[in-house]
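The two complexes that follow have chain A in common; it is paired with chain B in the first and with chain C in the second.
And then the complex of A and B:
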């Protein structure tokens, strides 16, 4: 396939993530967008277009939330587009920004992801009930914890994974998150496996310390064309591949032990990036980790481990930040260690790969050298996969 | 397409709602704006640190320059009606006994404005350009309803001289 432009990443910015922010959604969007522009040493007048991502309107409690967020996202007087694929939205926003620039229509695009979940009472889980079928499932009081526990059980039973392995994933991400300046208070930390495994059962087998929290926050990134980059003599990180895929929304009709849609999204991105051996060519990965088992589930979908092999690799430290022979997974701390303001969390994952490739991840910088990395998110009725591959070519 | 039968009880249906409500924080700019309404009976505008424009409702950023706003100061003198309507039905489309006058109110030298009700006058005489000022509530709680309505500061315009 031919694109008019190669697309570079020039900057990223995040707010702190927190349980309850004083800022309005617009103010959160501004803080992140301003930080991304500052990171890229650019101004709003340098941006040709703006892309917004935010998950269900019901969280912020504003219908047409994209339009509401527009001025805080820097979109006044500019071409503006919101995209929304549930939890997959954050990474999809980068994909949307990519094709704004790749199309040749724009030289630059500012992508802003925002979520303010604390507005919804009594609990944002109530919003999730309304994403399900209104006749078959909603009357049963189904929410996200239900459906994840059904999926987790299917995964752990199929591959005979002990609970302790999932606890190790949560432990790693909560430790990694301690070094992230955006980490939500009380979420990251040096937890023992016993503390994690003894935490409250929310919907068996899902337990409190293996689930990401409810969060407020925003994240933004600045994308630009090759021509823009050359004019300024920059040597940036490039978007090498993008992929997205949607499986059936009849989630009862899929075998939940394996995320086919993530595999399809990943294969699309690998093909575009010219990656034929992902386990050798992907050097750092940010898989979507709203639940500890999801990190492993997604690593398998991403073809970075065989089916059922990701849990075994946990025991070898293959996914650890300081691995020298493995692939560090979620060096940011992820949704479990930093927080989960849904759309902003996806942007945070891509931002982490960007900072890792630029060598600017500070204490979170992985030990092995990295030329290429992958960020992935997932969502909707747990059937959408979104993937972005970034690379640094010297 | 199949039209619904005129007897709704014969249609199989499930009644549901999205079981949440909201608590909206007024935000960093809102904290200051609404506290000033409540405590000082003033309407604050913010000034952009880039282009110098003053605007309502105040924000922590200028949407044009996309930089922080720095100074805040009360709007001075009367506002004026930029446009208005007379509303004859309520939110649920029920007929109102008295039409409600709603207007966009601006101030000289300030970008933007406030949407509010107009009262204290025969609203059939309301015209664009009418100068208005707030009618404050006695007990204020830090919300837009701390202003009961905007009322004329001089006689409404009359058609055809007089």
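And then the complex of A and C:
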């Protein structure tokens, strides 16, 4: 496949993630975008185009929310495009930004992900009511936790995974999140396995401390072409591969134990990046973790473990931040340890890989040396996988 | 910002209640399926190309991408593919007695092909439900009386375990 431009990442910025932000969505978008530009030592006039990602309009109660966010995202007078694939949006925004630059049409692109969930009353979960089939599912009273708990049960029963293994994933991510400056108050911490396993059952087998919170926040990244990078004599992190895939929305006709759309997205990205042995060539990974089981589910879809093997590797510490022989997974703390402002959380995952490869992750820096990493998100009606691979090689 | 700042009026707020109402016609495939439910039948559709029999109904096969209009009567029994025991309502308020949603593979449809519904008569607390219900157990539909059926997925009240 021929692309006009190789695409580099020059900067990233995040707001703090919060349960209730005082800032408006526009203000959050501005804060993150400004931080990303500062991180790249660039100004808004250096940006040729802007990509926006934000999840359901219903959260903000603003129809065509991309247009509402445009000024805060630095898009005035520029080519502007919003993309939306539910929870997969944050990583998809980076893919869309990559497209803008790879096409040769733009030398630079600013990607801004924003989510403010807290304004919706009585609870933002209600905004999801309108995503299900209006004829055959909504009349049954379906809600978001139903479908995740159904998927988790299918996964844990198929592979006979003990609940304690999921608790260990939540424990790791909540500990990792303690070192993230954007971590939402009260989310990260040093929890015991008993505390996690004794937490309230929301929809069995899903429990309170194995779920990501409701969050407000924003994240942004600056992308640029090889020519732009060369002119400035930079030695940046590159986008080596992108992949995305959408499965059928007839989700009750699929076997939920395995995310084959994540596999397809990953294979697409690996092929583009020239990765033939992902378990050797991916050195750090940020799988999407809105629920503890999703991290393991996605690691298998990403081909970083065989089907049913990701839970066993938890017991070996294979996914821990200080592993020397494994693959550190979710060193940021993820959605469970930092927070889940949906589109911004996906951007945060790509930003973490960027900072890890640049050696700028501070206390979160993984122990093993890293030249290539992968971030993944997931969403829509449990059917979309979005994958970005970054690499540090000139 | 804290919840208190919002509820105690420490910050200015503006409130809006959207009043949105929709009425969807059920279309070709779902409409026929609904008519079947009113008659106390679960109807599936068969693709002549890939030979799958599917439910929920759709007017096309998404695999072969051809029209699909061969209706076939399925059983009102099936197998639990997965289930959950939910204590949370759509607005995040807590329920005392749980709902038990399940994906049910319907007998007569192709293997692995199911629909979302709920289980009933399986217990009022978590321990009872998880001791009685399991993936792979057989269930049957409990219908509303014919005069109460209106062509809705809720014409099936719930599925219950077959002893």
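Structural remarks
Basically, the second predicted complex is superposed on the first by the 393 of 394 C-alpha atoms of A that agree within 3 Å, B and C clash if a C-alpha of one lies under 4 Å from a C-alpha of the other, contacts with A are read in each partner's own complex, and residues count from 1 in each chain.
Definition applied: a residue touches a chain if its C-beta (ideal position, glycine included) is under 8 Å from a C-beta of that chain, and two chains touch if they have at least 3 such contacts.
Bear in mind that the values here come from a model prediction, so they are computed numbers and not experimental data.
With both complexes brought onto chain A, simultaneous placement of chain B and chain C is permitted, the two fitting side by side without a clash.
Once the two complexes are overlaid on the shared chain, A:252 sits against chain C while remaining clear of chain B.
When the two complexes are overlaid on their common chain A, residue A:134 makes contact with chain B and with chain C alike.
Within the superposed three-chain model, A:122 lies in touch with chain B and with chain C [touch as defined at top]. By the document's definition of touching, of the two partners only chain C reaches A:146; chain B does not. Using the contact criterion defined above for the overlaid structures, shared-chain residue A:44 touches chain B, although it does not reach chain C. Within the superposed three-chain model, A:87 lies out of touch with both chain B and chain C [touch as defined at top]. Contacts of A:204 after superposition on the shared chain: chain C is touched, whereas chain B is not.
Applying the stated contact rule after C-alpha superposition, one finds that A:61 touches each of chain B and chain C.
By the touch criterion defined above, A:334 reaches neither chain B nor chain C.
Closest C-alpha contact of chain B with chain C, superposed model: 5 Å.
Comparing the two complexes, residues 20-22, 61, 122-123, 126, 129, 134-135, 139 of chain A contact chain B in one case and chain C in the other. On chain A, the positions that touch chain B within their shared complex are 20-24, 26-27, 30, 33-34, 37, 43-44, 58, 61, 71-72, 74, 76-77, 118-124, 126-127, 129-130, 134-135, 138-139. Those residues of chain B lying in contact with chain A across their complex are 14, 16, 18-31, 59-61, 63-68.
Interface of chain C with chain A (complex): residues 1-3, 5-6, 11, 16, 18, 22, 24, 26, 30, 34, 54, 56, 58, 62, 81-93, 98-99, 101-103, 112-118, 126, 129-130, 135, 152-154. Residues 18, 20-22, 61, 122-123, 125-126, 129, 133-137, 139-143, 145-146, 149-151, 153-154, 157, 201-206, 248, 250, 252-256 of chain A touch chain C in their complex.
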